[in-house]
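The structure appears right after this line, and notes come after that.
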């Protein structure tokens, strides 16, 4: 089995909740993780932010649900890093 | 629960108090923190500065109040880094 | 004998499965490997991604088969790193 | 209480005293500090220099007075880094 | 005597064998070496690749012969690093 | 008292003595120092070089005298780094 | 006395001997040195290469003689690094 170690998301969000509250909400659902939010562009009612989440075993679905629950949407998954353990899965 | 480790603010301030006094005022309300202020643009009566605060558990509200109390305003939160502890919060 | 330590692939893929699922599928067939996927360009029905796989002894055929099995195609092998052991092979 | 760890000044100075004498004069009034002076632009009678002072607890007023005493003027404080200790000040 | 530690070659090759097979073939003839191949430009029937070989004592003739044996040609030797031992050779 | 740790000079010199002889002459008068000379621009009879001298306690006057003694002139002192010891000088 | 630790030369050479043979010849006359040759520009009959030699005590005359003996010429000495020992030479 492979674990997700890092994911970079391009997210369109309303101005509220602000980037700090947004980051804290994601971190609250991601144990032992680091969340970094950077504002990319600001429009009248929305802003595009890049959210990088790092951890030992991230739960993408939980991250997705927090983002959707705050009225924002994931534009794209820009980067992903995963690591596999020593044993391969049985051939599919 | 998640802690705020780093925050980068875009701030519009009058020339006085100067950047040094401004930084010291923020640091005085942020225990065990490091404050870095960089001047971005200078206008006749105001200047735009980038303020980066790093610490183990920053109190954004305290930082916000110091900045407002000195006659300046936060234009935007440009970057945020937060870290969560090992245990997730109960689902909301 | 020489081992493949790192390979960087330029891959054209449909939007689904997304980059996360794509990376996990490659990692599941590559024991003790690290997979990093970065989106390069996005078109209406497809996207070009750069996939970097690092490990101690990568199996290129397995990686190729996973990518093909997900409806994507390898455009080019952009970078390769291999290491040889101390003894040379008998001259061919 | 917070300490000033680093300060970057934009200074307009006459050609004499030269950058070396200028730096030594600042250092003489700043115990355990490192002073770095870089020439930015040179005009007929003056030059603009960037002066970076690093130390464990810098005294800005002393630095200011040395600079003024040598016939130069601080154009702006370009960067400041301060650190606070563990205990916050009583609320102001 | 001096040893070759690193060599960077500009090579024109047919598309087949691909970069992976090409790198493995060079590594098989270079004990304890690391081979890195990067694609520079792709044409209809050929591609130009940069091949960097690092090792403790590379055999350039062997590398040259592998490349020629695969239908490719060395355009130029772009970089070379050699190291000499403590004793100089007798004057030539 | 403060010590000069590093100085970067912009120097106009004749082609002879060459950069190597020039550097050695400066080093011979600067105990325990490292001298790095880089050619910036070359004209018909002169060249502009950047000379960086690093040491624990540089003697600028000695460096200046060597440069002048070789028929060259210091255009400007581009960078200076000095360090002060723990005790401040008595106020001037 | 000061030692030459590093020297960067701009050299015009014929295509033969090639960069590898050229580097080995320099290294053979420079005990305990590292020679790095990089091709800068290629013309019909000649090429300009940058040769960087690093060692604990380089002999420039020997390097110069090897280069001249191979039909090439040193255009310029681009960089020099020398180090002096703790004792200054007696004043000249």
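Think of it as A, B, C, D, E, F and G in the order they're written, each chain with its own count starting at 1.
The rule is simple: a contact is a pair of C-beta atoms (placed from the backbone, for glycine too) under 8 Å apart; a residue touches a chain by one contact, two chains touch by 3 or more.
Note that the coordinates shown come from a computational prediction; the quantities given were computed from them, not determined experimentally.
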Exercise. Where each step is a move between two chains that touch, what is the least number of such steps from chain C to chain G?
Worked result: 2
Exercise. Between copies chain D and chain E, what's the superposition rotation on C-alpha atoms, in steps of 5 degrees?
Worked result: 155
Seminar exercise, completed: Distance in whole angstrom between the CA centres of chain C and chain F is 53
For this session: Provide the C-alpha centroid distance between chain F and chain G, rounded to the nearest whole angstrom.
Result: 23
Exercise. Quick one: chain A and chain E, Cα centre-to-centre, how many Å?
Worked result: 42
Exercise. On chain B, where are the residues touching two or more other chains?
Worked result: none
Exercise. Should the pattern of chain-chain touching be classed as line, ring, star, complete or other?
Worked result: ring
Exercise. What order results when the ring of chains is traversed from chain B, passing next through chain D?
Worked result: B, D, F, G, E, C, A
For this session: Show which residues of chain B lie in contact with chain A when the two form their complex.
Result: 1-2, 4-5, 7, 60, 76-89, 91-92
For this session: Spell out the residues on chain A that touch chain B in their complex, using ranges where they run on.
Result: 18-20, 22-24, 27-39, 42, 69
